[in-house]
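Below are structures written as structure tokens.
The following pair of complexes shares a single chain, chain A, combined with chain B in the former and chain C in the latter.
After this line comes the complex of A and B, so read on.
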């Protein structure tokens, strides 16, 4: 699971969706793998406005990345190649291969195995 | 300026919607001057040749595009039209090398007859030489004869003469070559439900897939739609309730972290367009309620080959969690949560509601929907935040499938829901009880697939 995906998911339990504590899900015991991919500045520029910046800072911190700037890069900063490359690296090139994503509201754990996160719920949580 | 587009003579109801989608995507004004389901020749108006090139470069169901020099019912009309329409263009081509060729639809012309026809254009003042191989300019005479299907359908008497004749100057060819490149027969990872390359690429076009965009398929399977969207430059993610569908069954996987679907991206050199696959159920999706997707492409399982299932128990009573060897059963490796059959009408509504929540303004969703043959003309499912852009139909024996493309409306705009499909699923618990399509169509069809699987 890539960091960009983690920014777009929350707890699958319906009651958790309205709780601010359910997002972002927290990585536990994450094993990271870096994979080099083509740098696509057009995509980064397009997707940054849709990213929840505060949640991305939390995730980056949990995964041991240097602290991200306090505010989301906007306008002119989105033309700075180094800024875009740094974001490309964390959002698309960083993968969690093994570990867990844990909901801060209900504590349910979603496992990540061989790079694939499993968000299926047992029947008592549906 | 008018241009002639030569279309593939099938998937007729997809052809104009695809051209219109591509025109929207590349930002050119397209006006359809002449179109007929029975003809491969379509006349359009475009601002200039650059627009023609941009349009054709992304098309799948169009073959190529020509500058229209003239057309008519017979050669007298054609010549008269060429003289008025194209005379001003002639000086540009005075000194080029050129060649004439001919394309007949549902008709034949002998080599000598063709030569006579080419010679009849002698009044065009070409001073350059004829060069059959790689000429500077290629001209094509196109003749459309009456197709047998059209004669029968419209009850028109057969005629030995062409219905319409066109002369065009070749400009450029489409991206139809991608159909061969993405042929399922040569693809690394497929299954019985993989959508064919041509219609996957068309689906990606309908949703305006392009570089910089983010696409999602909630029923990803082997990733047919995603590799097509990635072909056009979009970044793509997918999910499925059954991880084996995209990860591959154990015996299909080559190494520990091998994701079978990712091998398709490797094959097509689009690994940088792959974002993620994850296991989830659309009715209990982990995706947040925010507008982050440019496109959604999907062919939801409708219970013929694969039963439509979502999380939950058949009787609606949740199972109590149990602890085995000190671990909650649902945290143990290999745990498979209970699933229940789900109605297709309900699923379609869920998909559209999800699309309304997740698409950005003007983002698009293309959804395939199976339909019993007697329901093809009936209304399609709708959502007030989505506008129906196009509905195309592919017919089989006793069933058809429709590709419905929707656009996310800006906040505050609403579509007219009075034309929406109002069907509800039948009540029940088994797959056939909740799925009318399965009951209506499956008897012979479903059995046929069972037979195929046994072979």
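After this line comes the complex of A and C, so read on.
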């Protein structure tokens, strides 16, 4: 699972969606793997405005990346190749292969196995 | 929650796809024209969903947008995961792991016809529409593209038409040398949509149909979240 995914998923439990504590989900016991991908600077530049930066900082911190800048790169910073390359590496090239995503509201744990996070709910949570 | 319907779909849809994932995937490689056009016309940097992505054939159309694909079948999600720059997870269409009003677009191609009651089909569509951002005064809302198998397809090899049974089992036959007669058959449940039904379900689900039509034995519609007047 690419790290960027965490920015666009939350707890599958309906009641959690209204709780700010359910986003982002928290990584536990994450095993990372780097997968080299074509660097598309345009893609990163276009997607950054859609990223919830606060949530990404939390995620990057949990996965042990160096602290991201406090504010989202904008305008000129989006032309800086190194900034884009760093984000490309974190968002797209870093894969969480095994581990858990945990909801900060209901504490439910979603398992990540062979690079795929599983959001199916057990029947008692449906 | 109708747990009977849940179990029924588990047995007659989800388990079948787990079994036929490889063969199914090998026979599904070309996006349908309207799906392709819809995805190609998205602005660069748009972020959206492919709900019930199957093998991810629609993830190959546009590399300038970002798609979070999901499927009930882990085997299919694993195949879909290989299409860059996108991502794939396992999720249930009735309980999507996404926040409200976050996405620019969503596609759901040949999926809602696998839900076995009218309520569940509407609920599934509502769940997708919920994730897309509604329009505001200055900005049009995000859109969803939904396809479902049509009842009216008398020129197809199946030959169904208006007036026929809408809730059916469709066999998937796979060559299996080890099986007694050399083949193995899996039956999948389908609800065949009649003309106008998809649009009605979308309205019930809180969506507003923008355009709709018929392509390749399927009814399709593009919709946006309904905004209060």
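Here is the rule we go by: the second predicted complex is superposed on the first by the 126 of 126 C-alpha atoms of A that agree within 3 Å, B and C clash if a C-alpha of one lies under 4 Å from a C-alpha of the other, contacts with A are read in each partner's own complex, and residues count from 1 in each chain.
Going forward, a residue touches a chain if its C-beta (ideal position, glycine included) is under 8 Å from a C-beta of that chain, and two chains touch if they have at least 3 such contacts.
Note that the structure is a prediction, hence the values are computed from the model and not measured.
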* chain C versus chain B on the shared chain A, clash or fit after superposition -> clash
* Check the residue A:117 against both partner chains and state whether it touches chain B (first), chain C (second), both, or neither. => both
* Which of the two partners, first being chain B and second being chain C, lies in contact with A:68: first, second, both, or neither? -> neither
* Partner chain(s) touched by A:90 [first = chain B, second = chain C, both, neither] -> neither
* To do: Identify the partner contact of A:56: answer first if only chain B is touched, second if only chain C is, both if each is, neither if none is.
  => neither
* Answer with first, second, both or neither: which of chain B and chain C does A:47 touch in the superposed model? => both
* To do: Check the residue A:9 against both partner chains and state whether it touches chain B (first), chain C (second), both, or neither.
  => both
* To do: Applying the touch criterion given at the start, work out whether A:30 contacts chain B, chain C, both or neither, answering first, second, both or neither.
  => neither
* Kindly classify A:109 by the partners it touches after superposition: chain B alone (first), chain C alone (second), both, or neither? => first
* Where on chain A do the contacts with chain B and the contacts with chain C coincide? -> 1-2, 4-5, 8-14, 17, 23, 37-38, 40, 42-43, 45-47, 50, 92, 110, 114-121, 123, 126
* Interfacial residue positions of chain A with respect to chain C in the complex -> 1-2, 4-5, 8-14, 17, 23, 37-38, 40, 42-43, 45-47, 49-50, 92, 110, 114-121, 123, 126
* Structure fact -> Within the complex, chain B is touched by chain A residues 1-2, 4-5, 8-14, 17, 23, 37-38, 40, 42-43, 45-47, 50, 52, 92, 97, 109-111, 114-124, 126
* Within their complex, state which residues of chain C touch chain A. => 1, 3, 6, 44-45, 47, 63-64, 66, 68, 70, 72, 74, 77-78, 81, 84-85, 87-92, 94-100, 102-104
* Asked: Which positions of chain B touch chain A when the two form their complex?
  -> 211-214, 235, 237, 239, 241, 243, 247, 256-257, 259, 271-272, 275-281, 284-292, 294, 311-313, 318-321, 329-331, 335, 337-338, 360
